[in-house]
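You will see two complexes here that share chain A, one where it goes with chain B and one where it goes with chain C.
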Partner chain A sequence: MNAFVIAFNRTFRIGWRHPLDSLNPMAFFIIVTSLISITFEGGSLATGDGLAIAVLWVVLLLSTMMASGGAYAQDYEDGSLEQVIAQNQSLYVSVHGSVAARWFLCAVPIVALVPLGAWMLNIDTEVWWILFITLIPGSIVFTLFGVLGATLTLGVGRNGVLLALLVLPLYVPVLLLGVGACQRSANQEPFEFALIGILAIAMGAITFLPFAIAALLRVSQEY
Partner chain B sequence: MNWFTRIFHKMGSPPFFYRGAKVWVSWLYVIGFVSLIVGTVWGLAFAPADRLQGDSFRIIYLHVPTAHLSQLIYIAIAVAGFVYLVWRMKMADVFIVSAVWLGAWLTAFALFSGIVWGIPTWGTGWVWDARTTSVLVQLFLFLGLIALRTAIPNSQRGALAVAVLAIVGVINIPIIKYSVDWFTTLHQPASIQIGNPVSIDPSMLWPLLVNTIGLYALAAGVILYYMRINVLRRERNSEWVRDIVDSN
Partner chain C sequence: MTQVNSSTLLQVSGLEVEVAERPLLTDFNLSVNPGALIEIKGPNGSGKTTLLRYLAGIRRAHRGSIDLRSHSFAYVGQKSGLNAALTAYENLRWLTQNADQNTSETELMRVLSELGLKSCRDMPVGSLSAGQVRRCGLASLLALKARIWLLDEPLTSLDESAIDWLKGAITSHRASGGGAVVATHATLGLPDTETIDLNVS
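And now, the complex of A and B:
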């Protein structure tokens, strides 16, 4: 079995046995979305309003960040990370497997809740498909940056706020492009430029970020 | 060994750097202060007023050099991060630690002077367009670097983490640079570009150049000054620092 499959299976199985790690961010997503809907008094948020799309994106971004922020923390503490690194296999590929599993565990359930959130925020159903198309690559980038932030702060106790400070600035380009694509589509304007931009960032992130994550994992064992 | 690798290795040696940088600090301070005073007085008092913007354009003499320099410092930090990751050169980390605060302040000042300039000319201090937002993101990146460096007590590990974060964050720089050309924005495109004729009159351009040189020199002086302090602090247990302390 290659490193990708091993890492994927391992991370996915551990995540599957700790369902709260996935369920809590989902609950967070629903609670924050409904809080915002309540404060907008339900129907008063006009359909096709760009604000609702932006709110949905930001809430999804925060939930994904929270979900992926715990990556590798358990492995770091119980020493299994050392074993993963000591295996004579590509750490880059292993990180890919682990991040892919984490995307299935942390981001996909939240993206699956998007129709519910879009319904609560009164977003026009015609925009839903473009929401999905942009959120799938977008959530991949969010997960990758979240895991990067988690590895940056490995071993730093109580790292929630620090994680947000490090990771949120990196989310901005994807957030702007994603919200831009959805809003333009809602206004029947051309949105291909923003969509291509998101896909380009996702490709770049998938290719290069695992290098950085792998380097940081090695460092965490060196010192 | 050619001269380049020799300089490269020598710069990596803390005692060589500490002794060599002393003269540079004083000269850079002198050049920086003199050109800043000359450039600012020239720009504020003697350069002609702008046909469209009147006197409010004069903030260009502070806004453009700080904004440009803050970006340059970010790039320099990312390059130093790369050098640290590849060669594990201690001085690269010393540079990052010493430059990151200055970068944050300069970015904050560029934003502030931009707001001040925007109120009379754009009619609003702040717009959420590509240029202002990406400079704000640059400020957040600087703050993130500072927070990360102080959060990890282990010096070497913190240095490596900061190096990686700086390199990842460098993606923001081309976004800042080209935001004005790619997206529709209130911010005007750069008036001084390599390869294009300069679109500023020489009488307004010269003070800007003098100020830019002054700010660059002053920033280099400040960074070198803090680098010397940081080198001393880090090498406090080594022989050469004791010699310096004893000889004083």
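And now, the complex of A and C:
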């Protein structure tokens, strides 16, 4: 069987048995957006769709980062990672499968909550479609960078702050382009450049980041 | 000089085993022929586990070569390789898929019942006892049908019946032309065992 399918099935099955790993970031997303909408006392955000869009993106970024922080930690601890490396499966393809499963489990549910968040933050419904178009590739990139950061800190143990410091700068270009595209669309300005930029980053990340993740997984076994 | 034989399963020559950039063993040679059982002995910290991790390809050799001659192998390390949330059956099936083998469900069930784990089939590995987890890891030896077995301290937390089972399994594996490399403190006490003492070499 294909290494992608094997890794996808396994990661998805394990994630399904740990529903809190998906539910916690979803709860975080709802709590933060609802608290912000309460503190802005309805309506006052409506004048500035730009601010609400930026808030929504940042909350989504933080929730996906929270969700992907534990990637591969369990596989490293229980020795299944060394079995994958020992049996010489294509680690690049296997990483793809594992990250795809993780995206379905942790990022897709949060993206599905975006209409709720957008409604609470009073974002104009005309902007919702562009929010979706940008948040889908955006969440893929966030998940990939999150897994990259998690594999970087594999030997270090649980280290959330270190993870944030390492990967947050990588998130910034996607964040700026995504928020930019949505804000420009809300102001009826041309936004195609930002949209193409975010799609290009997503394509590049899907192609090249699994190489880096696979290399880091190998290095994690070297000591 | 190690004897080079065309039927050799595993050939290691001039391997340097290093831990934290410090060489632990230099110019290590080993050949595993069909039917051979090699026990690697040595005090704690002498590099038994690290050596096995090199043989399994988990660590890459910088100096020297390890030639598996494209034989399949099974590695049972100190970490079980089993996920606590998956059942014994699911873990075993994943281990065979991971080694690119299509083992049928009836075959996997036969292996599980041979190790007395039939009733644990649908229990998550996290709820099994340490010895049962160990048995489940060793079950992969039968499920994988590999020519070479690499075992790291296989006797840890096994009860007497499981130890007897393991000895029997190794004996029949050798009889069918397989080879085994075992890192262990306590000898298995099987006939025709080749012993490598890492402290001496």
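Just so it is clear, the second predicted complex is superposed on the first by the 220 of 223 C-alpha atoms of A that agree within 3 Å, B and C clash if a C-alpha of one lies under 4 Å from a C-alpha of the other, contacts with A are read in each partner's own complex, and residues count from 1 in each chain.
One rule holds for everything that comes next: a residue touches a chain if its C-beta (ideal position, glycine included) is under 8 Å from a C-beta of that chain, and two chains touch if they have at least 3 such contacts.
This is a predicted model, so every value here is computed, not measured.
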Chain C versus chain B on the shared chain A, clash or fit after superposition: fit
First, second, both or neither for A:18, with chain B first and chain C second: second
First (chain B), second (chain C), both or neither touched by A:148: first
Touched partner set for A:77, first chain B, second chain C, both or neither: second
First, second, both or neither for A:10, with chain B first and chain C second: second
Geometry of the superposed three-chain model: angle at chain A (Cα centres of chain B and chain C, steps of 10 degrees): 90
Partner chain in contact with A:212 - chain B first, chain C second, else both or neither: first
Contacts of A:188 with chain B and chain C, given as first, second, both or neither: neither
Contacts of A:89 with chain B and chain C, given as first, second, both or neither: second
Shortest CA-CA distance in Å separating chain B from chain C in the superposed model: 7
Touching both chain C and chain B, counted on chain A across the two superposed complexes: 222-223
Complex contacts: residues of chain A adjacent to chain C: 1, 6, 10, 13-14, 17-18, 74-75, 77-80, 82-89, 218, 221-223
Chain C residues within the chain A interface of the complex: 19-20, 53, 56-60, 73, 75, 77-86, 90, 94-95, 97-100, 102, 124
Complex interface listing, chain B residues touching chain A: 85, 130, 133-134, 137, 140-141, 143-144, 147-148, 151-152, 154, 156-157, 160-161, 164-165, 167-169, 171-172, 175
Touching residues on chain A, where the partner in the complex is chain B: 148, 152-153, 155-156, 159, 162, 165-166, 168-170, 172-173, 176, 204, 209, 212, 215-216, 219-220, 222-223
